[in-house]
Structures are given as structure tokens and as C-alpha cells.
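Read through the structure below, which is laid out as C-alpha cells, and then see the notes.
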Amino acid sequence: MQFALLVNEGPYQHQAADSAWHFARAALAKGHGISRVFFYHDGVYNGTRLGVVPQDERHIPERWALLAKEHDVDLVICVAAAQRRGILDAAESRRHGKGADNLAEGFRIGGLGQLIESGIEADRLLVFGD
Amino acid sequence: MQFALLVNEGPYQHQAADSAWHFARAALAKGHGISRVFFYHDGVYNGTRLGVVPQDERHIPERWALLAKEHDVDLVICVAAAQRRGILDAAESRRHGKGADNLAEGFRIGGLGQLIESGIEADRLLVFGD
Amino acid sequence: MSTLHLVNKSPFEKDAFDSCLRHALPGSAVLLIEDGIYGALQGTAPGDCFGQATELQRYVLVEDLRARGFGAEHLVVGVQVIDYEGFVDLAVAHELVQSWL
Amino acid sequence: MSTLHLVNKSPFEKDAFDSCLRHALPGSAVLLIEDGIYGALQGTAPGDCFGQATELQRYVLVEDLRARGFGAEHLVVGVQVIDYEGFVDLAVAHELVQSWL
Amino acid sequence: MAAANKKRILYVQRRAPYGSLYAQEALEMLLMGAAFGQRVSIAFLDDGVFQLKAEQAPSALGMKNFGRMVRALELHDLEGIYVERESLDERNLKSGQLVLPAEVVRRAELSQLMAEQDLVLSF
Amino acid sequence: MAAANKKRILYVQRRAPYGSLYAQEALEMLLMGAAFGQRVSIAFLDDGVFQLKAEQAPSALGMKNFGRMVRALELHDLEGIYVERESLDERNLKSGQLVLPAEVVRRAELSQLMAEQDLVLSF
């Protein structure tokens, strides 16, 4: 079965990103697929590559990226929500003349249409938020 | 009278940052001082310079910076909370080899001690959060 | 010593409003801001509770009230409507400001 | 068609748990995760309510339960304790998953 | 796409406007998603009914008028715009005070409606 | 600093652990601030009393044990560690189930205690 996930909160502050990741891992372990994880609202902060986390603590953005790499999961950060909150990839950064970008490897910027598409195509869409 | 403010939520997602800013502006207009605004928890996201906001909408980080410049307000982003969430100044970025920084002008990175100091020295400390 | 309590949560959604009213000492002030303003609406259970708390000085922030489509005419009796300037004055007048987040 | 309802909020702090129980149709499933697990505790008002909702299939996520220092022995009767693997199975078994945020 | 193939998508609005951005970003998603030709509905319940209150005036806060965004729902080809009777009553809101003529439904009807969707998006 | 000049600072913990980071970052601030030589207290009420529950075991979640952080409070020179009786009762928690021997106080006493502070930090 194909799952799509919507993550509405940033890392650490709320448990939503943790719960979504644990669900994704458990689903993959059972042989299901995770077609896409879409990050909306403060969820876009999951895609930063500037986080500095103590060695003995979980690194939420890196954990997503690893999951995506190993299982070919599409990690999409909503462009509208991300711009408002200062999450930019290199192209966006250039376009807006910001001189720096902070999107982590493994994530990409996409539109709301990709969440709708996931909702239509996946067998189940689960929402994780606060 | 000297006020210090503690802001515990990021911009846009919750109204806390707006309320704190409106309070600060009203206090300054009445001749009071705002000695420091300390940003904690997701509040550290107020200090990003990568946000892209439509022309007709309020730009929360820039609004803070302008207030600080005009009224000599110390805007302090908690270092521990900021690292976890990927808000870095140039020095922090270099130290952690991140290759990019995103702290907005007008803000500085500081320690929790500076919030305690504000609480002790200011006449009032107000907490804005969710 | 007198305390100004700040409530910024809807009483229908979260427990901060209730907890504040249970802990605020007689004579202290309670100011409803942001979604907290819903706690002062006439004809609602939280509003009735707020209206009956006559031992407290009760305030509502007008900027937040108007933003949400309400006015003084929708509030229970005994509640004063103030603006941000009044908020600052209240914070000056009370030695301690406690937020109920 | 059958729905799996997810509740991740403490019933003491927020209204999501109550709203979910008011809207879940008989025969549907409710899974408590994160701070939602506090809704199944014995000897509490929300727990009593959850225990009495025998028209629902009721589940609690064990990883979140244990994290918070509780076990199956603290829960009201009629509630099944499942792990993330069981969570996935529930999501497969129900055509619709609705989160109460 | 034939009607039979269209997915029934329900947006559930349970939060008040202004205090957080959830409601606004949910509407932004709906207005975008409506273009995908699915059978889209929106339901306002609990504090979400406050989103419908007429006469919102946030200019002193420097925020966008959310009521105006909600009114734009009427311009889209939505399957339904529902508001829960019990939630209105608890908040002492009358249907005449709303920015648009949402269909007032009882809690039991809304529960049924939720259960009939292919997809429920909560914010 | 003479005792008379020290400020009375109260940390108010009203939220459950794990579901959000508020509780943990509040403790991080307290443990830092305790070094400033002020008269620091902490009060657990409402869902904050869940922070004190013994036998927390979050390893399956990959999260730090919050109960262990709370226990570290005992090592610091705090003015008081309070937990509200009514909040415990509503949640069916007994004082014997707590990770540390907090002082159990009635709501009325806690209200008084809050009002006597120079500073109340809420998270």
C-alpha cells in the first residue's frame, strides 16, 4: 500500500515530525511504500540544513533525508509556507537575492498541488500536526 | 519604566510575535523603554533573514529589526534553541562548517543568562507564547 | 503586590483560561488578548464564568476583539475594553505580569 | 467505509479528544498517540469517558504510553495497546484516516 | 475526470483565525486544491466557526482580513460549505452573523459527512 | 548578593513532556538561571504534573528521558519544588508515583505562592 504523509509542525518543538517519521519507518519495514512526505505550516522547518544538534540527540532533518535516500521517498517542502518562514533552496535564494540558502539535501521545494496529488494518488494520507 | 519581553513562538504561525511587537511599540510610544527582547523555543525563527514575504504583508523579522534600530532594543536569539532549529550567525556557521548563515541584521545570538539578567534588571518581564 | 494575568487562548480550545481563573487571587487583573477574547462573549459558558468573576478586574484587548469581528456590545457586563496603550498602563500598574500559555 | 481517528492531544489541555469522541461514528476506530494517551488513564474523567465509548474500537500507542511512564495496567478496560507496527496495520485496515489536531 | 473518479476531499477547520496561521494556510491549500477538479468540501466546527464571523477588522493588527478570504470560497466550485450547529450555539453565533451562507448542519450529520470522504485534511 | 536583594523567580510548568519541547527547554533555562543566585522555584500544575511521573521510558521514541532531567532539579539549590494536589488528583497520580519528592500544595496555596513572586516564567 502507498502512504503519503502531511507534516504540519517543525522539528523538536512538537512531536508531530517524530511521529510521522516513526510511522514512515514502520510502514516501510512492513513492505509498504511512502510515496511522499509533504511539509506544510511550520513543518517546512524540517527541511533546514543549518541545524546543529548534540551528538547524542536525534537529528530530525538528517533522519528524514536518510529515510528518503534509502527508500526513495519524495520530501516536499511547500514553497509558499517556506518563503514566509525563511526556508530557501539555492534557486529561490538567487531569485530573491538572499545570498544564502538553507534547504537540506534530500528535500525539494514544491507547490501545494503536490500535496493534493499525493492525497489523490496514495492509498492513504495521514496528517501529523499539533 | 523598563520592559523586557520573552517571545516563545516563531513568526506568522502564532500571534505571539505580533502581540509582543505591538506591545513594544505601544510602550515605546508612551515613553517607556524596551531593554531587551529575548527569543526562545520556536521564537528564534523571528531572527531569520531568509524570509520572503509578499509586499502587502507584514514582514515580522524586518519589523523587529526596525524597532531595534530606532529605539536601541537588544534583540537576543537564544543560542541553544537556535542551534537546534537552524538559526545561525556567521560565526556559528563557520564554527560548525555549515557554509551559510541566516541571522537577520539587528539580532544577535546570546545565552539564556541574558534572559535571566533581563528578568532581574527590567521592571517588568512579559512572556508572549502559545 | 498585584498581578496582571494574561490569557491568549480560546477557552473553548484550551485549558489556560480556566486555569487562570482558578488561580487568580481576588483583586488581581485578567486581560484577554489574541484568541483569549472569546472568553468574554455573552451567552457562552466561558463568558458567564468570566462575567461572574466580579472579584477580578477584567479587561479585553480591543485590537484583538475587533480583528475577530466582535465589539464591546458582545461582551458580558463588568469587562473593560482597552487598547494596547491601556495594556501598557496595566503592565505598569501591576508589579507582576503572569502569562497563561 | 470505516474511519481511523487519530488524537494526539491531552484531553486535559485541549478539546480535540472531546471533539473526536463526539464525532466518531459507532464502529470506527480511535487511536491515541503522543499526549493523546492521557485520554485512556484509569480514574480520570477523560478515561472514564473513553472507557464507556464501547461502540468504538479503542487503541493506545505503546511507544508514547511507555515514554510517559505508563503501561497497559494504567488504562481503562476495553482499550488495546498497539505499537507502530499495529498503527500501520490499522491505517491499512481503514479506508480513511482522520487526525484531530 | 468523470464524477465517479473524483475524490471527495473535506477540509476540517477547527481553529480560530488570527491567533494562529493554521486556518489561513488551510484555506490557501483548499483554494489551490479546488482547481484539481475533485469534489472539495469544507466544514467549520469547534473554534473554526469563528472563522465565519462577519465584520472582522484586523487592520489595527496589520493582518490580512481573514473573513474576506473565507468569502472567496463562494467563488469556487465547492461541493459544500458546512458549519456545525452545536459549535455555533456554544459560541452564541447566529447564522445571520456569518460572512457567507454556509449550510448549517447538526453534529450527527457532520459526523456522517466526515465518514463519507475519501480524504479528510485537518489543520 | 544579600537575600533581600534576590529576586523570587517561579517557573510554571503546565504542559506534558514529549508531546512538545516546552517543558524541556523550560528546565534548561531554569538549570541555567539557578546559577544566577536568585531565589528560584518551580511549580508543576495542570498537565505539567505529568512531567513528574516516574518510570518514563522514551527510548523507543529516540528521545531523551525527561524524568531524568527533572530529577536533576534536586541537585540544585532551589527555593521550592511544588506540585498541585488538585492537578494530581484529576490525573489520578499519587505522590508516590513521582520521580522526586516535590512539595504537594493545594491550589489556593499555589495561587498565593504565584502572587508573591517577582517574576513568573511561563512556557
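A few remarks follow.
A, B, C, D, E and F label the chains in the order they appear, each numbered from 1.
Definition applied: a residue touches a chain if its C-beta (ideal position, glycine included) is under 8 Å from a C-beta of that chain, and two chains touch if they have at least 3 such contacts.
The structure displayed is predicted, hence computed values, not measured ones.
Counted as hops between touching chains, the shortest connection from subunit A to subunit E is 1. Chains that count as touching both subunit A and subunit F, per the definition above, are B, D. Although subunit A and subunit B share one sequence, what matters here is the overlap of their interface residues, and that overlap exceeds half of the numbers used.
Among all pairs of chains, A-B has the largest number of C-beta pairs in contact. Distances between chain centres, each the mean of the C-alpha atoms, put E farthest from subunit F. Put simply, the chain farthest from subunit B by mean CA position is D. One simple way to say how far apart two chains are is to compare their mean CA positions; for subunit D and subunit F this gives 28 Å. The distance from the centre of subunit B to the centre of subunit E, with each centre set as the mean of the Cα atoms, comes to 33 Å. Chain geometry summary: the mean Cα position of subunit A and that of subunit D are 26 Å apart. Among the residues of subunit D, those in touch with two or more other chains are 8-9, 12-13, 15, 34-35, 63, 97, 99, 101. Multi-chain contact residues of subunit A (touching two or more other chains): 8, 12-13, 15, 22, 41, 125, 127, 129-130. The set of subunit F residues touching two or more other chains comprises 18-22, 46, 61, 63, 119, 122-123.
Annotation, chain-chain contacts: A-B, A-D, A-E, A-F, B-C, B-E, B-F, C-D, C-E, C-F, D-E, D-F (touch as defined at the top).
Interface residues of subunit A facing subunit E in the complex, by the touch rule stated above, are 6, 8, 40-41, 80-81, 111-113, 115-117, 119-120, 125, 127, 129. For subunit E in complex with subunit D, the touching residues are 12, 14, 22, 45-46, 107, 110-112, 114-120, 122-123.
Residues of subunit A touching subunit F in their complex: 12-15, 18, 22, 57-58, 130.
Residues 6, 8-9, 33-35, 63, 83-85, 87-89, 91-92, 97, 99, 101 of subunit C touch subunit B in their complex.
Residues 10-13, 41-42, 45, 48-53, 61, 83-88, 92-93, 96, 98, 100-102 of subunit A are the ones that touch subunit B when the two sit in their complex.
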